[in-house]
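Two complexes, one shared chain (subunit A), two partners (subunit B, subunit C).
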Partner chain A sequence: MTSIGTGYDLANSIFSPDGRNFQVEYAVKAVENGGTSIGIRCKDGVVLAVEKLVTSKLLKPHANKRIATVDRHLGVVYSGMIPDGRHFVERARDEARAWRDTFKTPISTADLASRMGGYMQAYTLYQSVRPFGITAIVGGFDSTRELPVDGEVGSGPACGAGGKVPGKSHGGPALYMIEPSGLYWGYYGAATGKGRQAAKAELEKLDLGGPGGPALSLEEAVKEAARIIYVAHDDDKEFELEMTWISDVDGPTKGLHQEVPKALREEAKRLAKKAQEEKMEE
Partner chain B sequence: MFRNNYDNDSVTFSPQGRIFQVEYAAEAVKQGSVVVGIASKTHVVLVAIKRNAEELSSYQKKLFPIDEHVGIAIAGLTSDARVLSNFMKQQCLGHRLTYGRNMPVRTLVDMIGSKAQINTQHYGKRPYGVGLLVAGVDSAGPHLFEFQPSGMTEEMIAFAIGARSQMARTYLERNIDKFADCDREGLIRHGLRALKESLVQDRELTVDNTSVGVTGIVKAEDGSFKVEPFQVYDQQDVMAWIESVGDDKEGGAGDAGEGEGEGEGEDMEVDS
Partner chain C sequence: MDHRPQAWGRPRDDIYGAYDGSYLQNSGPKTATQSPVVTGTSVIAIKFKDGVVMAADNLASYGSLARFTDVKRLRPFLDTSIVGFGGDVSDMQFLDRHLNELAIDESYEHESTSAAAASPEGQGEQGAATSAPAGKLNAANLHKYLSKLMYRRRNDFDPLWNQILVAGFDGQTKPFLASVDLRGTTFSSPSLATGFGAMLAQPIMRKYAATEEDAARLTRDEAVNVVKECMKVLFYRDARSLDRYSIAVVTKDGVELSENEQLEKQSWAFAERIRGYGTQTV
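Presenting the complex of A and B:
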């Protein structure tokens, strides 16, 4: 690697002569070693899934959760250095709560992604800190309804700043992925971690970004998510599948970020394994 | 020992995306004497080997009560553990004052996890050089957590950290299916057997070098469930347990063949 031995890679926030920040690139390497995380934005919600590598037989099964709820309607999953991810989640919760305190309304997924993107970016600016060793996937469902504002008096402005434009649709499912550099984009389907290449290839085959919006339903997306995690998984190692989903208020999760029910998860796993076996036979 | 440019502080990633200072801190845990923790459906126990600096000195404590329902076992830098232990005590007390009940164990463990993570991301700080096993009970039952200097915390069924702890972990893995339904005494005996696996040759468990800590939920006479407060047992209080695994009848160890050589079973002697 050209970075080594030049001295430009020994501290954070240092530009090399060709304009790169090597410490951020190395942080990305930490992400690439972590278990695969994916997110799928579909017609009526968002699904998050993660491959939890079982590092020891002594771990308590299903006790160590990797997908966090940041606000009622927001979930975060991450790949890379797990303690960094937990810090990220705590900060995201603080942001969501601060937003509610200030604006008396839940933070939108886009706004949370923006806040957290800014937070991650700040950790690339100074020699006194290091970048986050994670890539985070933020999924949420911004209500399409008129929400009663927290502690409201009246219903807020009907139009103009802070108001809604009549006749326009608002809210819906949203998915963002934030990298160690602070860079973030909105995605139809996002993947990060060790198996991201294989996962991306599978995500691209799904109908997620058509002009009429994604065709995939939430339940289909859960099954696809499970299948993709199985496809992206490196065979010999043991792993646990963890999945969460978010729908609108009239959907299965009633607008909340929740763990996918066990029955559906097991069904999705069964189908994923079946698909794996069929592929093997080919 | 080899040197490299990327291991001087905890804010520098190596080209492979590793942080060496954190990995070195994890090595400090392996310098500490071994501690074992096991959880069942009703109890969670911690057992530890204590070391003395010299013949005439006292033994370094390994188990610390945090609150009525939580205790920890430490491996690594004792002074770092004291900082974490004080912090945990304060948090538990604060929670009790505010909410009038015990702090959930996971909440507590997450707090030290966050605290430790910050030390791995800021220049001028160093990671904690200590690993912990946190045992506690809450409304969901008994729990056992492992804490690492990286800030990683994971809930375990059973675990061992410290010097030569791999041997103890192997014992625990072999017997993992038995723990859930173990009673209090059975759990302690499993802990001591695991501990013995990690002893160096010609060392024995004695009343001086062995500590046992227990907490759990017990059924009261009126049928309600109560917390058995975390208590540390030392000296004469651990004698019977040590004797019960002394002439190892291979009791719960089950796995025959593997067990030979550990049944020395001679008289108790003072640690040398």
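Presenting the complex of A and C:
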């Protein structure tokens, strides 16, 4: 990198003459060392998965969760510096709560991504702080139904809360990825961390952005997510697969962000390992 | 010039006259809520062998005016408990939003009952790491929390003007039923009623479940019938009641809440024999 010795990388909020912020670029490097995280937005929900690298045999299996719930219908997974991620999650929960306080309704995934994008971007502006060493994937399912207002006492107007265009669908699965610069886009499938190249290549093969919306079902997406984490994994290290999912109210999670049930996770792991072995034989 | 600093910056007495101290309301101590405004009447509940039944009508009165007739006064919590509110409806709304916040805080530990129930071996892997129902906020915990909250508000001389029944299960997964009122007083009994129900419904319920042993023999259908009978008596004799009501049954499988029940088989024959008030001339 050309930044070394030029002095333009010594502080945040200083541009180099060719228009780069080196501190942000170094933060991206920190992300690239973290365990792979992916998110898949499919027909009837969102799946989040992470390759949790086991750094010590003294750590209790399945404890120390890496995927966090922000609101009932929202989950966050991140790669990079875990304490930075924890702080990100804490802030996201505060934002979701503040939204509910103000509007008496759950925050949409897009609004949360926007607020958190703004928050991360603020950490690229000042001398006194450093950028977040994480890339976060935010997944959620915004209810497609008419939701009661929080604390609603009666049944409300028969026409519902309003603001809906007839004949248009509202809500649905959503997936966003936020980078250390504060940049965020909505994605069909998102990957970050060490194995992101391999994971992205695999995600591109899935039917996620077809003309009638994604064709992949939630259960298939769980299996693909497990397979992709196994594909992206660098063999000589121990890891644990952690997965969560979010469906609509009539789906398996009833609109909540929840851990994938053990039976389905084990099945997905079995299929992932099988696919891995078949590839080895070829 | 007036050289007394205490006179500076004030309207001059020689032009405007002396300040009228009555605009400062120093006529008594600071007062918070002195009486409820929009109110709900009785909530009744009875334990049976595998759970608790609770009911409350759908009326919110403004004084003696039947102001709102579609008010939901039974609120499920985490799909494991039910909270019934008598008294001030706006305070109920405040508490409901507060409990909603509490429920979201609970979901941060994202082992969920429904995901665990969906998987065949729901008890999770390697012991207590995952969803032991004992680790979740149960009705007994919720009641303790509410009683502390109500007592604290009473000590602030700013009470939440409610009588609350909490039904669900305790730590030993036994049916749980307890009440707390605006003073923070708590009661627990096989059957409980607030407001007018304490006079009119409680004796009827005691006939069926005077002791815990009696309650443990009661079937679900018997308990539901007792509650429906009590709702009918309350509608006959309580002038602030309605024939539309909500009924909730809490069992180990969750909360079944039906919010639009109609009182059936009413008989007003007894009314003819009532003498002494009303429009009769005799």
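The rule we apply is simple: the second predicted complex is superposed on the first by the 271 of 282 C-alpha atoms of A that agree within 3 Å, B and C clash if a C-alpha of one lies under 4 Å from a C-alpha of the other, contacts with A are read in each partner's own complex, and residues count from 1 in each chain.
Operating definition for what follows: a residue touches a chain if its C-beta (ideal position, glycine included) is under 8 Å from a C-beta of that chain, and two chains touch if they have at least 3 such contacts.
Not measured: the values here are computed from a predicted model.
Quick check on the subunit A-based superposition: subunit B and subunit C, clash or fit?
Superposition check on subunit A shows subunit B and subunit C fit without a clash.
Please state, to the nearest 10 degrees, the angle that the Cα centres of subunit B and subunit C subtend at the Cα centre of subunit A after superposition.
About 80 degrees, rounded to the nearest 10.
Quick check on the superposed pair: does A:Arg86 touch subunit B, subunit C, both, or neither? Answer first, second, both or neither.
Only subunit B is touched by A:Arg86; subunit C is not.
With the two complexes superposed on chain A, say which partner A:Thr6 touches: subunit B (first), subunit C (second), both, or neither.
A:Thr6: touches no partner chain.
Which partner does A:Ala263 contact after superposing on A: first (subunit B), second (subunit C), both, neither?
A:Ala263 sits against subunit C, while subunit B stays out of touch.
Should A:Gln197 be classified as contacting the first partner (subunit B), the second (subunit C), both, or neither?
neither
Tell me the contact category for A:Arg72 with respect to subunit B and subunit C: first, second, both or neither.
second
Is A:Lys29 in contact with subunit B, with subunit C, with both, or with neither (first, second, both, neither)?
A:Lys29 sits against subunit B, while subunit C stays out of touch.
Quick check on the superposed pair: does A:Lys60 touch subunit B, subunit C, both, or neither? Answer first, second, both or neither.
After superposing on A, A:Lys60 lies in contact with both subunit B and subunit C.
Have a look at where A:Tyr123 lands relative to subunit B and subunit C in the superposition and call it first, second, both or neither.
In the superposed model, A:Tyr123 contacts subunit B only, not subunit C.
Minimum Cα separation, subunit B versus subunit C, post-superposition (Å)?
It comes out at 6 Å between the closest C-alpha atoms.
Could you tell me which stretches of subunit A are touched by subunit B in one complex and by subunit C in the other?
Residues common to the subunit A contacts of subunit C and of subunit B are 60, 63, listed in rising order.
Under the stated contact criterion, what part of subunit B meets subunit A in this complex?
These residues of subunit B touch subunit A: 5-6, 10-19, 39, 110, 113-114, 116-118, 120-124, 144, 150-152, 154-159, 169, 172-173, 176.
Residue numbers of subunit A touching subunit C in their complex, please.
Against subunit C, subunit A makes touches at 60-63, 65, 67-69, 71-72, 75, 93, 96-97, 100, 104, 150-155, 244, 252-254, 256-264.
For the complex, which residues does subunit C have touching subunit A?
For subunit C paired with subunit A, touching residues are 60, 68, 70-72, 89, 92-94, 96-97, 100-101, 104, 107-108, 110-112, 114-116, 118-122, 124-126, 129-130.
Would you pull the subunit A residues touching subunit B in the complex into a rising list?
1, 3-4, 9-12, 22-23, 26-33, 56-60, 63-64, 81-84, 86-87, 90, 123, 127-133
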